[in-house]
Amino acid sequence: MASIELKDLHKSYGAVEVIKGIDLSVGHGEFCVFVGPSGCGKSTLLRMISGLESVTSGDIEIGGDIVTRVPAADRGLAMVFQSYALYPHMTVRQNLSFGLENINTPKAEVNAKVSEVAAMLQIDQLLDRRPKDLSGGQRQRVAIGRAVVREPRVFLFDEPLSNLDAELRVDMRGEISALHKRLGNTMVYVTHDQVEAMTMADKIAVLRLGELEQFGRPLDLFNNPRNLFVAGFIGSPKMNFMTGTVHGADRSLLNLDTGEEVSLPVKGFSHHAGDKVTLGVRPYDLRPHASGSIHIQVGAVEQLGTDSYLYGALADGTRLTVHNPGQTRVCAGDNVAMHFAPEAVHLFDTKSGLTLRGFDTEDDLTLHKPS
Amino acid sequence: MNRVWQFITATRGQGRMDWTDWVTYGYLFLGVFLMFFPVIWLVLSSFKTEADIQRYPPTFLPYQQERVMVDGYDEPLPLYRITGGAYEGQVLAQVRRVGLQAQMVDPENPAGGRVRVDTDQREPVERVSLAVENYTGLFERFNFLRFFWNSTFITVTSTLLTLLVNSMAAFALSKYQFRGRTVVLLLVIGTLMIPQTVVLVPLFLIVTQMGMFNSLWGVIIPGAATPTGVFLLRQYMITIPDEILDAARMDKASEWKIFWRIIVPLSAPAIAVLAILAIMWRWNDFLWPLIVLTRTENLTLQLALNSFQGEMSTEWSSLLAMTVLTLLPIAMVFMFLQKYIATGIASTGGK
Amino acid sequence: MLTIISPIMRIIEIPMLALQRVLGIHRFAWVFLLPNLILLCLFAFLPVILNVAYSMTSGDNILLEDRPYVGTDNFTRLTECSNHFDPNSCSEDKFWRAIWNTLWFVTLQVGFMVGFSLLTALILNREIRARGFFRSVFFFPVLLSPVVIALIWKWILQRDGVLNAFLDWTGVGGFNWLVDAEWAFAWTVFLTVWAHMGFYTLILLAGLQAIPRDVYEAALMDRARPWRIFWRITLPLLAPTMLVVLVLALIRSVQTFDEVFAFTGGGPGTATTFIIQYIYERGFAGAPRLFGMASAASLMVAGVLVVLTLVQLWVNRRNVDG
């Protein structure tokens, strides 16, 4: 069993605290993705799990053992680095076998394992080349192979695809997912790209400024974002936000700051009349419609053939993005009325940024500690 | 010749040779002459016989008087061309010289008997020839191999020691965060200010107390840890990405293995530069060996050469041959590695 | 080579691994540092401290405990002069001769050497053929050992040497160069410039080549004349490198000993006796061995070198920063 438990984990560099108390548990065999903007502490957290970075306070458990003070080499993990970190002076074969030799694996076994992994990752033709003679994608495979060959309890990936071009990135995404299915190991994967997170993860941990914003299954995060940050971070294009004040006795109306009025869902939300709230609507939930309650001034139109995007602004300047399946007749400069279904709406408290959706809906949400 | 001329006169840019180009090439060829001629002159002179060396004005190439075996004489006899008197124009071999007269014999017809010739009516028949005996003599008459071995032993051992000790320190100072790192860095910088030349007396005490006086180790060990080497290597090692070390740690490599299997191979270019520098420093080292090594059997080549220039000041032929042999290893290193040496020196000197 | 070293390294790894377990990764750095630090402490720092102790004792015994304490007597004796510009009026006249010789020597040698190095570097930086060849020609003597350099030039300059033969042939007439104090000094300067200028040429050339081409091209577009380009662009941009070269040359020049010792032995008389040779002779060449005087003189040289090195570090720091 190689589950991972993080218990109130802290990390400071001198006076600067970069990991501010993270509790998290990754089940055995799960593919967990840490996602967040650059500099939020994803790598630091991953390196603390790996043992390469020391822990300021808190505990790390892997497979039920506390490993907080165990050196990296003895944790039985393998890591794939953003820069691949292949040994430049060794051939691919030596890169793969270095770790096995370090634990005094018999030569025959080393050769067998290296061949097996090389065949699996389709790098068996490259075994005698040096890293500098490989393409980016090939280097990536070698880096993964180096991790796989040691049969670790847990795989750690730190933005492994960020140095690849877009097309290759999509391919490798699929391959890493396939690898996970095939090996069944626990994997922790760090990325700043929410698309990667959504497509690959069993569980996503959204980090921001060293804190865990939300932890859960991809669609849970998408459908029930815990706060404004997660709502804005997960999903592409980003969710649209409009601010306003709740009114009406049955708290079903919202006065937008533009002066327009929209209706709100009541069931499942805990807002009150007079509250300042932020309304979130995903771009694909907005439709041009003559009876629409909000009006946008279209600034630009992107026609992709199968889809089109409208970029515009409300009267108070709030920017909005609209996703339109198929092609559109709307042109830049038009003023278009937009409609959205009340069920498609997310509501957040403007001041705290927290969702106003009832806490009973998702058990994952209870993991979050309001700060 | 035309080709050579074209090569020289062609300017790199467009256009013809300007007067500045002439000055440039004039300066450069003067430089070639000034830098190379002394060494070429040394090498040529070292192949001259002692008699040829005494000649004034000197000849450019080494000459030796021709000698021939003549029937009836055990030793080869020197040949002379007769410039006056009854035998003018003939080439005769000299049997012996008595005062102003020389007894000579015709090598073609030794049976013809000896003839007398005035010594000022003959001149030696000479041809270009290398007096290799200057060199072979060194091995016979002096303990030359011993000096050569001492120099080689010191150079090789202390270079290896320098490389090992300096690269270990450079690794620690470039890739680890530990308390006291800045202090250590400052300490190493501090030693830059203390060359051996200003601590000769206490160094002598320490080396004597450690029993290394008159021992090659007394030269090898005190100079092994060079601050220049540490900085040269550190500068290079800093550029090795930390992620590679992390990858090796994840691969269960010990720190020592990381040093030996990752850092050392990856720093090979810088280590090679330091190796060349250390070899040069050690091979040419003079003052400290002069103080520590006083017994003849301990002398390095440089010391031996210096002490013999006092003893043999009248015997230039051996001295010059020895100089050439001392210069030779470095000249060979230069020919094969001059590009690396140049870049290496530029990188340390400029820093 | 590797087949010998690899097993050794593998054996060393066993105790190293044990140490690593005890110390942890970051403190293990000390294990890498230790050999170098021990050597530096033993052969660089300890001597500095001992040097101070020696300078305050007298006698010719090398063991400190057998040496009587004399306070600042050695320094007093070294510096005692009725007129510091006239070595004859000093109680330690040889020291003052060495000082004045060294001052003159450093001034002339560094001046000529940096001047010729700059000239050579500028010429090598022109659009010339076979730059690599010419560069290594000037660099070649740097590799020669001091004794070899001394002997090469002694051989050329001796009474019946090739230089005199040439001068006789031109009608100027030969001269016994190394017997005359002034000529011996001049040739000493020449010889050291000859031997070391290649090193500084190399550094200056590297500095020149680091000046971006487009700066020159921009100046040409501005119709600047070559002379102006040199004064307004090349020299200012080369100034940091020049400073490095100057300080480095000063540091080395002050310590000149090997070549000169083998070349003239400090003579004729004391005409080419420089400060390091003074230290060597007081401490190691003659009897009695005046270690106290030698150490006191060393400390003074060390003072100068420390200042020069600090300047060098400061100059380099500026270079690194910008």
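We call the chains A, B and C, going by the order they appear; numbering starts again at 1 in every chain.
Going forward, a residue touches a chain if its C-beta (ideal position, glycine included) is under 8 Å from a C-beta of that chain, and two chains touch if they have at least 3 such contacts.
Remember, it's a predicted structure, so these values are computed and weren't measured experimentally.
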item: Chain closest to the middle [Cα centroid of all protein chains]; value: C
item: Reference chain B; chain at largest CA-centroid distance; value: A
item: CA centroid of chain B to CA centroid of chain C, Å; value: 20
item: CA centroid of chain A to CA centroid of chain C, Å; value: 61
item: Centre distance in Å when chain A and chain B are each reduced to the mean of their C-alpha atoms; value: 66
item: Where chain B touches two or more other chains, by residue; value: 249, 254, 257
item: Two or more partner chains touched - positions in chain A; value: 71
item: Interface hub residues of chain C, defined as touching at least two other chains; value: 25
item: Interfacial residue positions of chain A with respect to chain B in the complex; value: 47, 50, 52, 71-74, 77-79, 81-83, 85-89, 98-99, 102-103, 146-147, 150
item: Chain A-touching residues of chain B, taken from the complex the two chains share; value: 241, 243-244, 246-254, 257, 261-262, 265-266, 268
item: Chain C contact footprint on chain B (complex, rising order); value: 7-8, 10-13, 20, 24-25, 27-28, 31-32, 34-36, 38-39, 41-42, 45, 54, 56-58, 164-166, 168-169, 171-173, 176-178, 181, 184, 187-195, 197-206, 208, 221-225, 227, 230, 249, 254-257, 259-260, 280, 283-284, 286-287, 290-291, 302, 305-306, 309, 316, 319-320, 323, 326-327, 330-331, 333-334, 338-339, 341-342, 345-346, 349-351
item: Chain B-touching residues of chain C, taken from the complex the two chains share; value: 9, 12-13, 16-17, 20, 25-33, 35-37, 39-40, 42-51, 53-54, 62-64, 119-120, 123, 126-129, 132, 134-148, 151-156, 160-162, 165, 168-169, 194, 198-200, 202-203, 205-207, 241, 244, 248, 255, 257-258, 261-262, 276, 279-280, 283-284, 291, 294-295, 298-299, 301-302, 305-306, 309-310, 313, 316
